[in-house]
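To keep things simple, chains are lettered A, B and C as they appear, and every chain counts its residues starting from 1.
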Amino acid sequence: MSNLKKDVKEYDVVIIGAGPAGIQSAVELQNHGLKIALLDDSFKLGGQIYKNVENNDTEEKRKLFQEDYYQGLALIKKLDLNSIDYISNASIWSISNLEVFYSHNNSSTKIRSKKIIIATGAMERPFPIEGWTLPGVMGATSAQIMLKESSIIKDNAVFVGTGPLFYYVISQYIDAGAKIKAIIDTTPAKNYIKAFKYLPKALLKVGYLMKGLGFLYKFKKHKIKMYNFTDVVKFEGSDNLEKISLKDGTFIDTNIAFIHNGLAPNINLQLQAGCEYEFAQKTRTINIKTDEFMQSSVDNIYVIGDGKSVRGVDTAKTEAKIASSKILRDFDKIEEEVMDKKFFAYTKELESHSYIRDFLDVLYLPHINFLSPTKDEVVVCRCEEVTFSTVKSSLEIDCKGVNSVKSFTRCGMGNCQGRFCGLTLLEIMSEKTGISIDELNYLKIRSPIKPVRIEEMANIK
Amino acid sequence: MNKIYDFLIIGGGVTGSSIAYGLSKNSNSSIAIVDAYDNTYRASVGNYGLTWMQSKGYKQPFYARLSEQVSYDWSEFRNELEEKSQIDIEYIKTGGLTFCHTQDEFAKLEKKISNLNSYYQHDSSKTVMLDAKELKKIYPGLGESIVGAAYNKQDGLLNPLHLLKAQLKLAQKQKVEYISHFSTATIDKSNDEYKVTSQDGRIIRAKQLVMAAGLSNMPLAAQLGINVPLEPQKGHILVAQKVPPLDLIPCFNVRQTKSGTLLLGVSNEDVGFDINIDEGIVSNILKKSIKILPMLKDVNLIRSWSSLRIIPQDGKPIYDTIDNTLHVITTHSAITLAPLHANEVSKSILNGKMPDNLKDFSLDRFNEKEIV
Amino acid sequence: MSRFSNFNKDITFTFNDKVYMAKQGDNVSAALSINDIPYNRKTFDNKTPRSSFCHMGICFECLVQIDGVSGIQACKTQVVEGMEIKEDV
């Protein structure tokens, strides 16, 4: 057992992550007489989608950023920061027996809670193609973060990828006045055919679809060079990106590429905490399993929003409401009938949010070339510089699973602890061994989920 | 399947693969090795990677001498494995240290060392006690609070994952059939063969069995009426970031791998089959490591591990052959003893019995041995 | 590249002893990016140049040395006036 310190701070609920799901949870749980903590590793509230919204509340910025961004402001305004403990710049590195360990200002603290809500959001899926580790190649969220936090745009960037977020970021870049060199769209042609059967249901969310069409229209209007249905991309350069080459021999000169291969749940904390997971074939991501109240396989740990399964901001907020109402009921702050009523209403909301999901998931599932490497030189593990050919050699000796590959190649042993290679390893493993990907174990994730200075870890407060 | 192997090795860890390599090197018999899943306990991938004699065999002369003997075999074994597999197992005879934080600790350790030293054959095997002044000469950056240490120049370190990889690679090169995702559920003996069935119903038949399945040796051997008393002992190992070479003489608290990674350890906990990380234990390991090497304060910890050691009831290895066909090989020192397993033990398996010098390690000492 | 409607205070910092400009509220990754500084570290094993990839604290490519301390994530650190940033070792 951990050393029990008498002065460990105790909470009723600790919420990890202050994006839409985390903030919504805090809004639901506050002012019911419960001790609530909201921990987040950024400077400001909002997560990724509402990043820096409090500082972007100006007339000029409102012309650039769309209405749904400012919904974040409305949500943040509902928070009563006097009734909860909000700790920003808190990097959570372990959950153990309902004790949460976090690092803040170079010192680590342990707090205890009766219930934990994990709302860590999504991360960008790995994009294992030749040259993706070159300086100048960045995740498309980088473009969005630099835009929202610092109003920076990089001209002559090339955007490479697929997915709703991909088009959204490009659209924002255009609105901000950026000159975009080219868009290399990697959405496979056959996805349009596959997705067609989900279109009728998706039309129930016609507004969303119209927004998507609006993006495409904008790209055409600004005459941005588009390369569609791309299935081979190579980044080239010596010390940084110099050009991008395509299958037919086309070269595009650029020093900046924003790439996006779709989103996956950011799950290292959930896995370290012991939550059961599953591989979702539809999205080819690892998702966290929960019951209908969002409780994971670990008692009293709830997982909601994109950190459970990527389905967007509306679903995230509704899941926050579901988890919160269950928690309020558990603490006897609301009556059974009230909870039942809420649950019924929220379930209906969830269903409504889901209409567009199948369509988007099928349409934007990456081409297999972008899930599992095709060339020996492709770097699979960025941190340890492990190539596809090394992974293949390891599989020739032992193909028990991705943890064996990790043992023999160092894939997944670096700072990012498998965040940018774990899914790729599963794809490679499944392809080479013929074992169905949903039968494979993922990497074993242990604490700390982020590097922590030894002195800091030795002296936890 | 209808094939009956000459040998089936149950367990694809360091022990099993040492024997797979050794058997296939010394005979043309048909050999298969089965290994379970990616996420089973696997002491082979959760260990600290030292070749160590200085603390082994306290009041157990045969074990002390065995550990001594094998430490002189390592260089040759390393050369053999590397030449054949082209895998660098990163073995260096660095010497090894056991640090003492108090004079009391020093005195106790000195007594223990003197017992162990009395068993060794060679003077060069003896462990010496060094005071803080002598210690600082060989361990730059030593913390001020350390009073002394035990030092044995025959101890060393290696990369246990590469050792496993090399042995598996060579075994397969030498025609051993490696069958993974095979979790042994039952073993039946009938007439001249053993029938081994996996959890999902696959069957493998063999004339002889080598049980190298770590902690699972206990329940599996029990099916054949053989008592192999083993206890799990939990140990935490912590992995810190890579730093430029420090030329550290390894101890159980901190050592550096060839790739630059710093490993910190260790703990010994009797908590059954629990492999959860205990943050309190982690904190204690870190505090102790900082006392030994203060520069660790500013190094980042990347992850913690815990694994289960396989501890025979009296701590000594188990080497036994029952009925000329069932070979039980279990130890908590599979890394250190790998040369022995690949050579002498493998040859003995081919001879159908364990040699006289390993008599002390038979199951007889546990007083129960019968075949059903 | 450019900024638009950012009226925050100008601040100066150094990278590898050279002076650069940034704005209050920038994180170090953004500050290096806007100054076209191509990379902030080289990998341990092969000394391959790397720079920020995810910009949200989980890829650890953006590591820099700040005021003498190594291994700091640039994307999670705000630039302050006079900050001394160096390529990470």
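As a convention for this text, contacts are C-beta pairs under 8 Å (C-beta built on N, C-alpha and C of every residue); 3 or more make two chains touch, one makes a residue touch a chain.
All values reported here derive from a predicted model rather than from experimental measurement.
Using the mean of the Cα atoms as each chain's centre, the chain most removed from subunit A is B. Across A-B and B-C, it is A-B that has more C-beta pairs touching. For the pair subunit A and subunit C, the distance between mean C-alpha positions equals 23 Å.
The geometric centre of subunit A is 40 Å away from that of subunit B, both derived from CA atoms. Chain geometry summary: the mean Cα position of subunit B and that of subunit C are 45 Å apart.
Taken residue by residue, subunit A touches two or more other chains at 414-415, 451, whereas all remaining positions touch fewer. The residues of subunit B that reach two or more other chains are 241, 259, 298, 300, listed in rising order. In subunit C, the positions touching at least two other chains are 45, 71.
Of all residues in subunit A, those touching subunit C in their complex are 41, 43, 48, 55, 58, 60-61, 64, 89, 91, 123-124, 133, 135-139, 141-142, 145-146, 149-155, 176-177, 239-240, 255, 266, 382-385, 414-416, 419-420, 450-451. On subunit A, the positions that touch subunit B within their shared complex are 1-3, 94, 96, 99, 101, 110, 274, 394, 397-404, 407-408, 410, 413-415, 417, 440-441, 444, 446-448, 451-455, 457-460.
On the subunit B side of its complex with subunit C, the touching residues are 241-242, 259-260, 298, 300. On the subunit C side of its complex with subunit A, the touching residues are 1-6, 23, 25-27, 29-30, 33-34, 38-39, 43, 45-46, 48-61, 63, 71, 75-76, 78.
Within the complex formed with subunit A, the residues of subunit B that make contact are 12, 35, 37-39, 45, 161-162, 164-165, 168-169, 172, 178, 180-181, 239-241, 259, 264, 276-280, 282-283, 286-287, 289-290, 296-305.
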